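Shared between the two complexes below is subunit A, which pairs with subunit B and subunit C, respectively.
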Partner chain A sequence: MDRREEVLAIILSALESLNLELPEAERVKVGPTTPLFGPDATLDSLSLVSVIVDVETALTMRWDAPISLTDDRAMSREISPFDTVGTLTDYVLELLQEIAPA
Partner chain B sequence: MRPSVLPAFPPPPEGAQAVADGVWRVTGGAFPSNAYICAAAVPGEAFVVDPGLDPERIDRAAQDLGLTPRQVFCTHGHFDHLGGASHFQRAYGAEVFLHPADVKVMKSSNFLLMVLKLDQRIVLPEVTPVDPAQPRVGGQALRYLPVPGHTPGSCFIRFGGSLFTGDSLYAQGVGLSDLPGENHALLRQSLLALWDQIPGDSLIHPGHGPSASFEAIRTKNRALLGFLGKAEP
Partner chain C sequence: MDLYSGKTALVTGATRGVGRIIAEHFLSEGASVIGFARGEPSLTAAAYHHVQVDLADPMAIQKAFLGLHKQITRLDIVVNNAAVLTSQYAMIMPPAAAQAMVNVNLLAPFIVSREAAKFMRKSKWGRIINIGSMAVSLEPIGDSVYAATKAGLSTLANVMAKEFGPMNVTCNTLGITAIESDMLSQLPRDKIDAIIAGLPVPRFATAADILNVVDFFAAEASSYVTAQTVFLGGVN
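Showing the complex of A and B:
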């Protein structure tokens, strides 16, 4: 499994964990193009925060280094990391390249 | 130490309410919260507790009282209690104090504003980490009392007979946000640990809602008593 696949698996796992807590009618379709935030997203605010915190925790444990996805660096990007699972994956890969170059 | 002879303050300006001797509450912001202006020992100077999302309003009230805010003390790192801190840092060089366990919470402020669909964004202040073991934080006669639970670094701030409690203790109800990072069991444990140490005549100044004496809260706030397992059957 390459690094992109590993990061994607962590994000999808966080979404699947969220789905376990939601009623069936409110569950999120889980995949690489799933919208996380914005008009197309079906996650509510607290659910998004919960998913991002779970992803941060899993990344920090996997790479044994603190990784923040919610600081102002993420907020200042032209393409929001929180648009979709794909944009979040890209952002995480960029951060990992700095702390643990592949 | 407060001066033994208090200066005479003008009547509370519009938008501010005197809630204790030398303490004024200003409520405002896109996510309304209480900030408190406190007269410092040095005449003409003040410190602000929990400046939220409308720092200009707090600043105007301080000016109308003839006070210059030189320090900011935050009960915790959520944006509605810290969002205005950088205004006072920029305008007056105010030092901003926060428990170190809440620095990460603070850094998530603009993310939380985004997900809550609030357009406002904040400038993060440079913070001085608080050491709760210090009896005089920032040289002021105040003390930080850790109350982890609402956030990891939530604290009460004791100043004379006043206790600023942020979102950890309200006069009415219980402040449970369900935000990730909030630990209800830990909040309950923290409040119970301090429950018998708070004098009944302490004035509780929360981050949202009215002030009240601790005696009134511990006898009348039934939601809180239920949360703490102290409600009578």
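Showing the complex of A and C:
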């Protein structure tokens, strides 16, 4: 599995975990184009926090270094890394490139 | 059955004073205990795991939790106990001492609580207990920053109580009075005696006084008790 696939799998697994906690009517679609934040997103803020925490924890364990997805850099971007699963994947790959160049 | 069998508790500042009393109590009641402090462990029980970490350094705390994620799968109880105290007139308080109090007494409990909550949200159960101080209410001269950090600790718990409530995690604060410890011995005894003499219950706190409220906050039956600060000795 290449790094992009691995990161995508981590994010999708976080969404799957979230769905286990949500009532059926509120479950989110699990895929690379799923909106996470913004007008098209169906996640409420607490659900998004859950996903971020799960992704951060999984990345931190996998790459053995504390990884924060919500530092000032992420928050100040014109295009939010949290727009969709795809933009989050790109952002994580960028962070990983700094701590563990592929 | 022991009160805490099957539970894992983290106590900051477990090497001395109040933190050690609480850690020993949890151990004697069947819990596995993780202790955070800068120094060497002073407890040797098999169920005790010591992590040397400087709580003044947020990054070091995150690293300590990274280590914990590899060793444990659940964390049930957190006691934010470690603190530092420099009692000094504001105009001559060294800024570094003030900064250390903010870091250890307020920022560290924030980081520890949020990292612990990441465990607790998985098990949908948790108890976060902060050790506050009578200084919040009595506002003694010299304790401007110390008392402010301890007041902030209650506010921290109250906001976190809202955020973590849906995960069945409670957050409460126990404001203790004077008890013999290294921290207390830094202060002039006549000043402490005068403060204690003015309390509704004019005596020092005992280990039993503290453990009584810790057990109450940690109890299964206290799931509806959150965002509360309980002061000992009649302080309010």
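The working rule: the second predicted complex is superposed on the first by the 102 of 102 C-alpha atoms of A that agree within 3 Å, B and C clash if a C-alpha of one lies under 4 Å from a C-alpha of the other, contacts with A are read in each partner's own complex, and residues count from 1 in each chain.
One rule holds in what follows: a residue touches a chain if its C-beta (ideal position, glycine included) is under 8 Å from a C-beta of that chain, and two chains touch if they have at least 3 such contacts.
Since the structure is predicted, the reported quantities are computational estimates derived from the model, not experimental observations.
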{"item": "Clash or fit, subunit B versus subunit C on superposed subunit A", "value": "clash"}
{"item": "Which superposed partner A:M61 touches (first subunit B, second subunit C, both, neither)", "value": "second"}
{"item": "Touching partner for A:Q97 - first (subunit B), second (subunit C), both, neither", "value": "neither"}
{"item": "Touched partner set for A:T33, first subunit B, second subunit C, both or neither", "value": "neither"}
{"item": "Contacts of A:V53 with subunit B and subunit C, given as first, second, both or neither", "value": "both"}
{"item": "Which of subunit B and subunit C A:T42 touches, first, second, both or neither", "value": "neither"}
{"item": "Which superposed partner A:F82 touches (first subunit B, second subunit C, both, neither)", "value": "first"}
{"item": "First, second, both or neither for A:A74, with subunit B first and subunit C second", "value": "first"}
{"item": "Comparing the two partners subunit B and subunit C, which touches a greater set of residues in subunit A", "value": "B"}
{"item": "Touching both subunit B and subunit C, residues of subunit A", "value": "46, 50, 53"}
{"item": "Residues of subunit B defined as touching subunit A within the complex", "value": "104, 107-108, 110-112, 114-117, 121, 124, 178-181"}
{"item": "Residues on subunit A engaged by subunit C in the complex (per definition of touch)", "value": "46, 50, 53, 57, 60-61, 64-66"}
{"item": "Contacting residues of subunit A [partner subunit B, same complex]", "value": "37, 45-46, 48-50, 52-53, 68, 70-72, 74-75, 82"}
{"item": "Subunit A-facing residues of subunit C, complex", "value": "59, 62-63, 66, 69-70, 118, 121, 166"}
